[in-house]
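Each of the two complexes below includes chain A, the first together with chain B, the second together with chain C.
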Partner chain A sequence: MQPEAQVPYAQLEVAVLVSVGRHPLTGRARRADQDARGVELALSLDKARITLLHAGTLDEQSESALRGYLGMGLPQLTLVEQPPGADVVPALADMLDEARPQLVIAGERAEEGEGSGLLPYLLSERLGWPLVSGLAGVEKVENGVATLLQALPRGQRRRLQVRLPAIVTVDAAAATARQSAFGPARRGEVEVETAAVVWDEAQSEWSVAPARKRPKRLKIIKATSARERFKAAAAKAEGGSGQVLTDVTPEQGAEAIFKLLKEEGVLR
Partner chain B sequence: MSDILRRDPRKEWIARNRLHPEHLSVLAEFGEGVSAATEWMGPNGVLRRNPHAVGFMGPNGIKRIDRSGAQQGGPAATGMAETKDSRRQVTIDDPAFLVAVVPDMSGGRLSSHDRDLLGLARQLADADGERPGAVLAVVFGTHKEEAFDEAGVDRLLHFDDILFDGHAPEARLAALAVVEGELAPSHWLLPDSKLGGADLGRRLAARLQERPAAGVWQIEPDATAPLGWRCTGRGAAGTSDIQRALPRIVLALAECAEPVSETRHAARPLALAQPLPSLLARIEDLGSVAVDPAGVALAEAEFILSAGNGVKEWEGFHHAAKVLGATEGASRVAVDDGFMPRDRQVGATGTWVTARVYVAVGISGAIQHLQGIQSCEKVVAINVDPGCDMIKRADLAVIGDSASILAALVEMVERQREEKRDAA
Partner chain C sequence: MLDTLLPILIFSALALAVIGAVRRIRLWRQGRPSPVPILQGLAAMPRRYLVDLHHVVARDKVMSNTHVATAGGFVAAAVLMILVHGLGLANPVLGGLLLAASALMFVGSLFVAKRRRNPPARLSKGPWMRLPKSLMAFSLSVFLITLPTVGVLPQGTGSVILALVLAAVLAWGLGEMFFGMTWGGPMKHAFAGALHLAFHRRPERFGEGNRSTGLKALDLDNPKAPLGVETPSDFTWNQLLGFDACVQCGRCEAACPAFAAGQPLNPKKLIQDMVVGMAGGSDAGYAGSPYPDKPVGEHAGSPHGPIVAREGTALVDAETLWSCTTCRACVEECPMMIEHVDAIVDMRRFLTLEHGNTPNKGAEVLDNLIATDNPGGFDPGSRMHWAADLNLPLMRDVGQVDVLLWLGDGVFDMRNQRTLRALVKVLRAADVDFAVLGNEERDSGDVARRLGDEATFQALAKRNIATLAQYRFQHIVTCDPHSFHVLGNEYGELGGVYEVRHHSTYIAELYEAGRLHFAPWKGGKVTYHDPCYLGRYNGEYDAPRNVLKALGIEVAEMARSGYRSRCCGGGGGAPITDIPGKQRIPDMRMNDVKETGAELVAVGCPQCTAMLEGVVDGPAEVRDIAELVADALMERPAASGSIRAPQPSVEEVTP
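Entry: the complex of A and B
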């Protein structure tokens, strides 16, 4: 109907940053869960040209993991060759600066290594693009402005508008990734590009161990005497501080409840 | 005044007669202390106590010693048992350094995560008794918190501007950058939480070009580290522990330290000398989206309307939940009787809920149910029985018929929405 409005945005350039994940139980390399959700989000966009971008090495394990993304129905993946222990931010920033996609999608954090979730933020600061974190979905992209749905805790959602180009990270509330098909995964191409290597020196000074179970917080009773200790141990439901309204009409009671709900901001 | 020493033979007599009811107060008046004589160190290094000097006269003239610590008698024996706040007041006038904390303030109050973080900040600030640091809390937008002093805040920087309400990470980041330029805190602590702290902390780290430690859950003193501390944080999506020197910016998990409980602090308001730079927001907040409350998992629902045995009119209850936009919950009785599905059961055998507001309609409050709502912030009870346990737990309890109260509440909410629509 309106071809002139659609022509400039016929193709939305989307780059998805993918990483090699780690299965939480077996420890094997796999496609990372959140990155796969990111690919799924990109696939759900209308008229998008998707490029997959990964920075790392190509070996047997990582290749099978990366082909997991290709099996979602994408023909090609660009791999920026970076040895383990390298800082991938400069290489990725250079790549993105060159390719200039309109939307960059990344997972929230890696399943391997430091996993601090800092990479999209560093890229955003370096490229000067706005960043929106914790996305549940993209509602629409129009005239260079994307309307996004951000996932908040407690199942809430918030609508945001951001001017493209932008970097977004995907929340675990986004749509689950489709299965990876074996045939397309085999047929897909992994294009290897070389880039300058910047070493991450700080990381060598850390000591990394498998996660220890965190100590459970104890209920500390600060009592100076036996009577107080006994009282604390034998205490039933706390309270007494609450306000009790007796002999009120239903309207008065409802009024009080309404005021509290209003104060807490749970009424919309 | 004349310098003739006046003697009061009666009082001297009382002082000698340790069975006299006023014996202790007279002794105290004479100065030589009851306190001096009650306890002393024996020759073998054992603490000795004089049982004659403690205790008070019971109502029937027998001496009693109260070992619970609530000692009566003695100097001020007139029964002025005032409950004094035993927390130590701490004021730090010129701190050697600042530890900045940016709490989430979800719902306008300090969350338990924020309190833990302030406890961690106190650890950092109070480590060296000779050069104490001050904890600076940076708070954005309007808030309802009154107990910053009890949470361990020495300085409070409050950015109260409409600019910071809602999702405004860029404006907040710009403000934090100004704070960094002006006050240069030696540590930045942010909660590694979905409520905004994780996002803001990473933005701040990227802006200040400092490498943060994320997912920190423990810190220990370490003389070899540049800042004198070492931290342990989760890495690789929670499957590994990374131990490293504490960086300037720390994103800490919940329960990273004990919250402050023994001291009170000044929470002195602070203002920046320079105004905040104006900036063009590139991310626009279009407000929250209405989600179907029935689709939200009970364990993470924010607002729960829960029904129990006292509910007779189920139509009205469901209607109220719909109008209020609350997720429905139920007690075990309501579920067993077939009025609500099993997955809506709240309590020890059902779901442990974390709602911010929990409205219990006709629930008497069995101990299993109260366990399930332990972590709820505000509990409202509507019940006919004023003596039930739920009333004791509730922050607001209304005694009356639940059906009519709910109907009145629904009407009130609908009327208010109508007015808003008319005004708009």
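Entry: the complex of A and C
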């Protein structure tokens, strides 16, 4: 590599969206696992300036959970004050639009509340920034283009290039979050910013019930040997009648999807 | 000529010693403040030295006598020499005493020399190898110089050359004994050791039968208070003084299970590293056994520099600190009463609370403790599943009870559930009025604290104390020595004072009160493994043996038993941090068991059970004392009179 090739580039501005998590067994507030992995991803980036962003209220429970992120070694967290029942998308979008980070990292879905996993998509739609889901890592950022590694099922990875600014989400495929330490968590500052509140009108009409485990598609195993049984147990449920479309027009793609949905009985 | 030369020599050596002492004290004062009663401590020092310290030294009879002769002879000779030769009080009585003292010291130094001829590996070499010669130089020259004073030899015997040679030898002796004492020679242990005894951080540990083993709490309410120890100057000044008192005898090294297992820890080297850090420099001058597989000379530190580097090397590597099982074998063996475990946990606290660097499963276990109140991450609501059929009375229902049975996290472990069931059977057989906290119980915080997470420990402890405060009970009984130690010795500082007993103690009491009756033992040879947290931490060596005796078992003791028991490897979070070594500690312990030829090893701790049962192809069966007792239970013998309530007579009534 030639020395002049190393152009000093500006610090990479990274915003990580963090939420208040919920322990699956005890329901105690904690740092959310996927969001913490997002922070870990940000910390692994070279020369990144990291902003932690949370939209919600500050109380005893949420503060201890949010300080869990600070305990990973970050000095500050920005809290966009939003009361329960507010739609946080406009407030977050305004914040991001103003701060203009180059990379926004979020978890795939929240552990509490709606947990629909739609927030990054809504932000992406509002801001007009591209979105990459299921990230395993960021390989490099050069000249405003990030080379990303996306996680696919069964350990496969896909290398993608995205022009920044972009929004990326991480799930369990990303590196495990580092330990949160008490000292930095206690010292870290929570900076509260006020923002306009847009009420989530639809939410008040919903009824909320505890989530149930999704039913799994039954696998009928007709194995005669141990090897086959093992293979069947290790394999992921597959339709078998899948179809890979490459180099097709958007219309053709849409048509194929429409056809599949009809076949599966989703659309009638 | 000697008459003019001697006072000059003696007083210049004393003056240099005073200058050295001031320098040394300034090194210690780099540490954080720690208030001690100065005069009271100094007044208590002779007793601490003569009784408590010598109690430890006397475990090695030859060395103890050697030390009495050498040190006693030296102190007497030094004082008398100042009087006779320094101040010129050439009184024949004083001179005679001086002759006797120096002769005694010389005899002692011969034994020191004998031990140094083929020194065991645990002894440090280097400057320590010249010590017997220096002792001889001092005692012999003082003896010879004093001969004319008492008139054995006429004044002015010998030539000027002889006088000069004698003076030179004496100068060497004075150099080692006075100058070296405060400037960092081997004799430093006498100066620092005496003050260390006077200003010890745990004065309550001195005195017959006293012990002080609970870790000291961190002040978490004050955001300015440091979270553990980052640099040598973060220790309290009297801790630094304690490190400086080390004589490098290596008894700790010989007792350390981690060192024996080839893990990168040697308590002696650790203490010497702290001395190096306090003074600044590298460990290249260390002349004892290194940390296994870590050559000497690659680490260096300074009083205000980090002890453990985030990256690269500093004074000590993190894995050295995480190898410790906190078994206290080193503290128990240390003749200078140095508190190794306190220092290790202090440094671990910094690594966990500030760096967030608890190795291996540490972070996961701490997260589990925070989220689920148990290290395994089990549903806290499933705490009593093991006892679904036992109908155990809950404190919440009864409110007041004689015995609160503390179950510990063993409730989630299928092996320990057998012990617990056995213990419940025993308590019921003795008609004990007991109850359990059930799902209200939480982890005692033992593991969190030993892993350095004082915040999680205090959070758990405070909630446990709040729970216990709702109920009335006489005492707590537990089959987990770790819970026993934490509840009994460490909750007090946080406001929870309880009378806690180990189940073996309680069973022994029940048996003595005639509430339990055992069938005679029919099994084979049995040995007993002392859990560290029961024995060394709480001094309970007799009760488990008494219970075994009551069962009709004659214990075939292991070579390392009682206060010298070898750790099972399960304490201090060592199975969680899992620092690799050349062999496993439990394997070594099972070898100890094998040497006794026992078919069964009785234990009294869930950790020990798990560790010893984890030994592949173990030579002996592992049973908890509660299980042995439960198996031997029998009804009250008929001979002692039938007190059984008469059967209610049933009358048939026909209409």
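What we mean here is this: the second predicted complex is superposed on the first by the 202 of 268 C-alpha atoms of A that agree within 3 Å, B and C clash if a C-alpha of one lies under 4 Å from a C-alpha of the other, contacts with A are read in each partner's own complex, and residues count from 1 in each chain.
In this text, contacts are C-beta pairs under 8 Å (C-beta built on N, C-alpha and C of every residue); 3 or more make two chains touch, one makes a residue touch a chain.
No experiment lies behind these values; they were computed from the predicted model shown.
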First, second, both or neither for A:Ala202, with chain B first and chain C second: first
First (chain B), second (chain C), both or neither touched by A:Glu251: first
First (chain B), second (chain C), both or neither touched by A:Gly113: first
Contacts of A:Met72 with chain B and chain C, given as first, second, both or neither: second
Touched partner set for A:Arg28, first chain B, second chain C, both or neither: second
Which of chain B and chain C A:Lys213 touches, first, second, both or neither: neither
Per-residue contact with chain A, leading partner among chain C and chain B: B
Residues of chain A that touch chain C when the two form their complex: 23, 25-26, 28, 30, 71-73, 178-184, 186-187
Chain B contact footprint on chain A (complex, rising order): 22, 24, 109-118, 121-122, 124-125, 130-134, 147, 149-150, 152-163, 166, 202, 205-212, 214, 217, 220, 222, 224-228, 236-251, 253-258, 260-261, 263-268
Complex interface listing, chain B residues touching chain A: 67-70, 107-108, 144, 167, 170, 193-195, 198-199, 202-203, 205-207, 211-215, 217, 234-245, 255, 258, 261-262, 282-291, 295-297, 300-303, 324-326, 356-357, 359, 365, 367, 370, 377-380, 382, 386, 389, 391-401, 404-409, 411-413
Chain A partner contacts - residues on chain C that touch it in the complex: 223, 227, 352-358, 362-363, 366-367, 370-373, 377-380, 453-455
